[in-house]
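Single-structure report; data block below.
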Amino acid sequence: MENIIGLLVALPLLGAAVLLCGGRRLDRTGHWLGTILAASSFVVGAVLFADMLGRSGDDRTLHQFLFSWIPVGGFRADVAFQLDQLSMTFVLLITGVGTLIHIYSIGYMEHDERRRRFFGYLNLFLAAMVLLVIADNYLLLYVGWEGVGLASYLLIGFWQHKPSAATAAKKAFIVNRVGDMGLSIAIMLMFTTFGTFAFGPVLKSAGDASEGTLTAIGLMLLLAACGKSAQVPLQSWLGDAMEGPTPVSALIHAATMVTAGVYLITRSGAIFNGAPDAQLAVVTVGAVTLLFGAIVGCAKDDIKKALAGSTMSQIGYMILAAGLGPIGYVFAIMHLVTHGFFKAGLFLGAGSVMHGMNDEVDMRKFGGLRKYMPITYVTFGLGYLAIIGFPGLSGFWSKDKIIEAAFAKGGTEGWILGAAALLGAAITAYYMTRVMLLTFFGEKRWQPTPSPDEPSAEPAADSAGGGEMPHPHESPKSMTVPMIVLAFGSVFAGGLFSLNDSFLHWLEPVTGHSHGHSPLSALTVTLATMAVLVVGVAIAWAQYGRKPVPVTAPRGSLLTRAARRDLLQDDFNHVALVTPGQYLTRGLVYLDHSVVDGVVNGTAAAFGGLSGRMRKLQNGYARSYAVSMFGGAAILIAATLLMRAV
Amino acid sequence: MNPVNYLYLAALLFSIGAAGVLIRRNAIVVFMCVELMLNACNLAFVTFSRMHGNLDGQIIAFFTMVVAAAEVVVGLAIIVMIFRSRHSASVDDASLMKL
Amino acid sequence: MSTAVDVHNLWTMAADPVEKIPAPHIEYAQLSPTLIVIGVALVGVLVEAFLPRRSRYYVQLLLTVVALAAGFAAVVGLAAGGFGGAKAHVAAMGALAVDGPALFLQGTILLVGLVAVFTFAERRLDPAAHGNRVDSFAAQAASAPGSAGEQAAVKAGFTTTEVFPILLFAIGGMLVFPAANDLLTLFIALEVFSLPLYVLCALARRQRLLSQESAVKYFLLGAFSSAFLLFGIALLYGYAGTVSYAGIANVVEGRPGSVNGALAGTMGNDVLLLIGGAMLLMGLLFKVGAVPFHMWTPDVYQGAPTPVTGFMAAATKVAAFGALLRLLYVVLPGLRWDWRPVMWGVAIVTMLVGAIVAITQTDVKRLLAYSSIAHAGFILAGVIATTQDGISSVLFYLLAYSFVTLGAFAVVTLVRDAGGEATHLSKWAGLGRRSPLVAAVFAIFLLAFAGIPLTSGFAGKFAVFKAAAEGGAGPLVVVGVISSAIAAFFYIRVIVLMFFSEPKPEGPSVAVPSPLTMTAIALGVAVTLVLGVVPQYFLDLAGQASTFVR
Amino acid sequence: MSFPLLTATAVVPALGAIATAAVPAAKRTAAKWLALLFSLATLALAALVAVRFEPGGDRYQLTESRSWIADFGVRYELGVDGIAVALIALTAVLVPFVILAGWHDADPLEGKEPNRRWRPTQGFFALILMVEAMVVISFEATDVFLFYIFFEAMLIPMYFLIGGFGDRAHAAGDDEAAKQRSYAAVKFLLYNLAGGLIMLAAVIGLFVVTSDQLGSGTFSLQEIVRARGAGELTMDATTERLLFLGFFFAFAVKAPLWPLHTWLPNAMGESTAPVAVLITAVVDKVGTFAMLRFCLQLFPEASKWATPVIVVLALISIIYGALLAVGQRDIKRLVAYASISHFGFIVLGIFAMTTQGQSGATLYMVNHGISTAALMLVAGFLISRRGSRLIADYGGVQKVAPVLAGTFLVGGLATLSLPGLAPFVSEFLVLVGTFSRYPAAGIVATLGIVLAALYVLVLYQRTMTGPVKESVRAMPDLRIRELAVVGPLIALLLVLGVYPKPLTDIVNPAVQQTMSDVHQKDPKPELEAAK
């Protein structure tokens, strides 16, 4: 059975290769090929899943060794796969959601002449992402890790003619590189500590290593996770990443890739368990980010950016959970999966809206769309309910568990984290309600948009007249069907998982699990969550439900304005990194030219000058030559005598 | 009389000759100074010959004279030639080539 | 036994009323190279006197070539006869040494002379004047430039065929110079090869003024230096009571043949020895062109007719270094600790000054002059080694260097414009575009000068530096290396000029030479490459030839 | 003695050079094909060398040994170890692509039909082959002097390639271009000549040492290493250090290592793309190769003594080169500075003195060669289309020439060593190797990968994306010939990135040898050490 694991990667990779090298002759059929390969990868996953269920909880782990990749001295990296419950969960999520989004894209990208390329990239992404989760050692994981980075780079910048898109893509890649630095350093540490970086041995003998080392490794892994999962302080790229086509945002920047960090930390649980300080760092990052993202989400008028903020904050939850250790791992993954469903759904919904509104993204120019695109409205609504944690829907189950676990951490930490999680829940409710209201309720605030041929880089430009009024309409089947499927997921997944803790038992063999003793009873927590939820929704309704919404955003409070600018994240980076960096490089360029090179040219010039002065002695007068000879003779004689003297 | 004095005289003549070469402009005079130096050498040779009581020095002196004569032949020829082409026997005028 | 004493005996016997005069014992066979050359030179003079003008050129050329070839054959014969090694000894009653270094250097000089003759005899480069092919020598040296007399001479198609015998005299002197085994012979040889050179310098057909000026400078300074040399000889004679190398050496090492009172007196007086030695060195260093006795070099090289320059640059160095070697290794080895440091200084200064001043030169011939100064420095480094290797490396270097130099100057004669040879560097711009072959050849010579591997220059440089390093002169090697780096700069500059800069429309043209010059250049290239790629045979030769007889 | 395969591998391109140069002026195309043919023949021979080489076998294989210059103790000794094989293969693989890429670079300009004697085209290809010959033999030489000779001699053809042939259209105009070219060429030559002459002093020193102690001076690497091992040859610390410095200086210039790097940007900037590739991908490798083969083996103690300083210099090169690459306005200079950064990695790997580091360094030499070739050649195609090297003159090329842009991107990604492409393997090995001995250095070096991403992606963004600039609107996409150049290179990058094992198998034994020569062992993992 394990021999087919490779196919999970191979199929989409094949697709990518064919589509990218195939040339124009594939333009008409390419997207189908891509979709089929993605789907078949999912089928393989399903088969493996079935097979896995067939076996008992402890020997569900499959291994496949392909070939020895880099063997040098004690350093051996193999191309080998490990498929256990954790990987399996991801495989299904990735290939499943991935396939849906392929289908969705068929419709969404219909009018793009580079659709073939788009599907090629999507397949590439699938391959890399699957590789990431089924690798059996950190180096191979690293390959997938950077692979998804590349795919995300290509897809964010897919509309390269938009400078904003190109910049966003570059930014995403570079910020991710900072994280990757962490990962590679972590791998080196593992190598120098354990002499290997394969999951099996490393995690087994993690206990033997000194806590200091483990902490170091943990922190480096956290850095990596921050980069990939857009956690503070490396979160700045996610917002801009929304420049990419919406399906991309749905698949990569909501459902799958950005959750890789969570996978990494959960996978390395053994290491973190031995490094409390590292764990503390993790939970801190998680808590901060979940609030950070939520606040940003409140202020954005661009629907996708709002959702991006929410993604950030939801992943914050997961990271927080993962940081809690065995108490949290399972719930982190569980929330990850449910989030995968509803966030993907929400994004697809947003995409569908934009599709109907001539790629308008400013929610202030939506409003009252529920009549015009019912399916979108319903699916989006379900996703909305799921994310704010409406009782019974997916989000409720997973998020609630995380908040519980946070409290269960115990001590002041526990209280702080719990409080943060609760607050986050409230804000989530607020900004999601806001999105909902602005988009589907209230009166129409549609604006004429410039004709599509010139891309709407930033919404501000659109209000300047011209163009034709949008005619909102429901999207084609190829787009709505995936949305419906995902809606189902967002409604039932959570319940399904929580049904006599099936998900817990499923993952426990891999992640392990321990019940912390929470200071508050589960019921209390749930009630508290409900309470803050209601509050959040209420405030949002009070602001955007009752009174009409201005088309142009009011100046807003200091916080609002800061939040609109991602809480000044970019400004900070600019001041702290970019500007100094530019000065540094300029300085160095100058230095290189004038000093390093100057020394060389200077020496040459010096010799030239010396030469010029010395040749003056050659003044053409025979008598002066005679003088020099005479003097020379004198010196010669003197020297000889001197030599004898001394 | 102590032969060493002749050596001092020789040295003196040699120095005078050398000084002349360095100071005088006229090619002929310069050349004469060189001859003077050669003769200083001769004096030295003879003196040493006397001191050592062998005749080598004296014979060398004869050779030197011959050589000097030969030098005169060539030297005067050249000097005359350059004098004819630039109507000046000044060494300093012949300084086209420099630097 | 020293010459002078024997001569003296003859002398006194002649005074007796005995009629038979015992002739001094002279090994004619072993002196044959010199004798042949001198002899033919005399014949050449007669030819000038008795043959009609038009036939002289060919006769002279033939004679000279034959003489040099025969001389070389004689040298080879002697070497084959073992005079280079086992049978090496002092001939002509102590006047001349017949040993390895002498033969090697004489062979080199003769070859150089042979090649030089080809360039002397070149008659295709200058446009024919009044239908007569002309070479690079004045029609009638005696007539003032531009004067009616000269025009008449040119019209009459006069040519100075005297250059050939003069050249032979010079070569004759040079053959004796490195073989001279007593100071008197040394001095005579010096004059014998210097005086002809003074004359040759003055004979340029174009730019007579420069030519004459160079002659005057060379002559005056040369005479000046030989006066010093002579005084040095006098002092050494005074010190040792003899002028034979062996004799002096013995005295210096404190074991004279017989000590009389006077000798005892002077022997103690090292000042005589030291000053004398220093002045002697100065005389030789002048010929070598070592700083600070180098200043004549650029002017003379520039002013003299290019073939003469080439010959001087090559042959004079060979002869002078030969004499220097013999002096330092045979006469003054006992004084090593006195002269070595001094020569260190001279070598260092010479290398640096030569290389640095050359950077800003704008005239090819002056450039090569300074480069020759720098090379003198390199060779001095080998001389200082005072080891067997030192000698052989110097011999090898001289062989390699002399042919590169000849070739380079031969190429210079080819690049001409209306005013004769176009020696100003600016005129060489883009030469590589117009005539790649000539430029390439010159580039090869320049690279050899710069000591780029696979050229003879590199092999030679490596040999001398290696010898110097082994002789404990490491710092000298470092300085040498640095100055070669500096020197590289201006060789490269010329190459850049030739290949990378656009040719000037009014630039010079490259004259198509006769087979004579072609042979000269071809030989230069061949030797440069052979000595660069497979130097072993010649290294062995130099190695075998590296023991002085005493 | 069996068929002298190594000699043949070096002689064939040399003959090719002569043959090509001999082709008459009119038959330009014939000359090109001739050159290509000979380069392919060389490739075949190199392949044969790789096949005949047994990874498990002796240290040096296919050896040849003849007496050459006895007086200098010089022998004509050839022999290859794994490292040499890898680099010879690299050279032999790259040169045909270089020739193919430079197909029209040396054609006479329109209207400027050269005279009968001046044949730039023939010269161009002849010089390329001559460089190949000399590079190959210096990889094969196991006699220090023999190596030195060609190490120096290869400067001359290189010099003419740089100074004689430049980009077609130059922003600064032809005269200015010529001036800058010859400046670059002279700078290249003098820099390397100076290095070489310093090395010459050291070579002589080595001879003196050996002749003092072994009776007769020798330059034979094996002989010297053997003698040192047997204790017959000992150097006092000072001597060894001085000699080491003499050698290292030359190699550091060639490599080039900060602060001796300034010739590279000029040389690569002014020369045509193929020549730039020849410089950075082939010729410079001789420097790093020589560090590995000569510095470490001849002067193990001194190498260890110098390591700290060299590591620091390497780190500076990495960061400094990358930062300057970010700051460049000129595509080719950018690539040049990127190369400086990469050479920093190579040197770092060599002097980390771990198997990972040194194997990594060797692989790095190969991979950097290929990746830079890919990037630089595509850049060359781009430049030849627009006639400008300035980044600012491009924009939106992706839209008009997608294939060109795609290949450019792949080359760029290889340069920033993306996993899955060859350079990643080597770079990571170097990092791990360094980290396991000098953790701090390892971490600093890792910064390099971020900066690499920066300069590559900025370059790609500025040139390829965004709205299409008027100046590039009519730009044609890659032609067949150009695809034939880039395609195989990219394929190589992928293959070596996914399955480098064949290469590592060849290289590892040699590296193990070197490690034992310098008496170094890999540091043990913490846990094992604890036990």
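In order of appearance the chains are A, B, C and D, and numbering begins at 1 in each one.
Quick note on the criterion: a contact is a pair of C-beta atoms (placed from the backbone, for glycine too) under 8 Å apart; a residue touches a chain by one contact, two chains touch by 3 or more.
All figures in this text were calculated on a predicted structure; none of them were measured in a lab.
*Asks:* Using each chain's Cα centroid, which is most distant from the centroid of chain C?
*Replies:* A
*Asks:* Report the chain closest to the protein's overall CA mean, measuring from each chain's own CA mean.
*Replies:* The chain sitting closest to the overall C-alpha centre is D.
*Asks:* Counting C-beta pairs in contact, does A-C beat B-C or the other way around?
*Replies:* Of the two interfaces, A-C and B-C, more C-beta pairs touch across B-C.
*Asks:* Could you grab the centroid distance between chain A and chain C? Build each centroid from C-alpha atoms only and quote it in angstrom.
*Replies:* 81
*Asks:* Mind checking the centre-to-centre distance between chain B and chain C? Centres are C-alpha means, answer in whole Å.
*Replies:* 24
*Asks:* Please work out the Cα centroid separation of chain B and chain D, and write it as a whole number of Å.
*Replies:* Between these chains, centre-to-centre, one finds 65 Å.
*Asks:* Where the CA atoms of chain A average out and where those of chain D average out, how many Å apart are those spots?
*Replies:* The computed centroid separation for chain A versus chain D comes out at 37 Å.
*Asks:* Pull out every residue in chain C that's touching 2 or more other chains.
*Replies:* 216-217, 220, 224, 228, 298-299, 489
*Asks:* Can you list the chain A residues in contact with two or more other chains?
*Replies:* Residues 604, 615, 618, 620, 622, 626 of chain A each touch two or more of the other chains.
*Asks:* Multi-chain contacts only, two chains or more: what residues does chain B have there?
*Replies:* In chain B, residues 18, 21, 30, 91, 94-98 touch at least two other chains, as defined above.
*Asks:* Throw together a list of every chain pair that touches.
*Replies:* A-B, A-C, A-D, B-C, C-D
*Asks:* Taking the complex as given, what residues does chain A use to touch chain C?
*Replies:* Result: residues 604, 607-608, 610-612, 614-615, 617-618, 620, 622, 624-626, 628-629, 631-633, 635-637, 639-641, 643-644 of chain A touch chain C.
*Asks:* Show me the residue ranges of chain B that touch chain A in the complex, using the header's touch definition.
*Replies:* So the residues of chain B in touch with chain A come to 18, 21-23, 25, 30, 91-92, 94-99.
*Asks:* What residues on chain A touch chain D, complex-wise?
*Replies:* Spelled out, the residues of chain A in touch with chain D are 20, 67-75, 79, 139, 142-143, 145-147, 150, 153, 157, 160-163, 165-167, 169-170, 173-174, 177-178, 180-181, 184-185, 187-189, 191-196, 205, 208-210, 213, 581, 584-586, 588-589, 592, 596-597, 600, 604.
*Asks:* Flag every residue of chain C that touches chain B in the complex, lowest number first.
*Replies:* Residue list for chain C touching chain B: 2, 4-5, 7-8, 11, 141-142, 144-145, 147, 184, 187-188, 191, 195, 198-199, 202, 208-210, 212-217, 219-220, 223-224, 227-228, 230-231, 233-235, 237-238, 241-243, 260, 262-263, 265-266, 298-299, 302-303.
*Asks:* Taking the complex as given, what residues does chain A use to touch chain B?
*Replies:* Touch residues, chain A against chain B: 615-616, 618-623, 626-627, 630.
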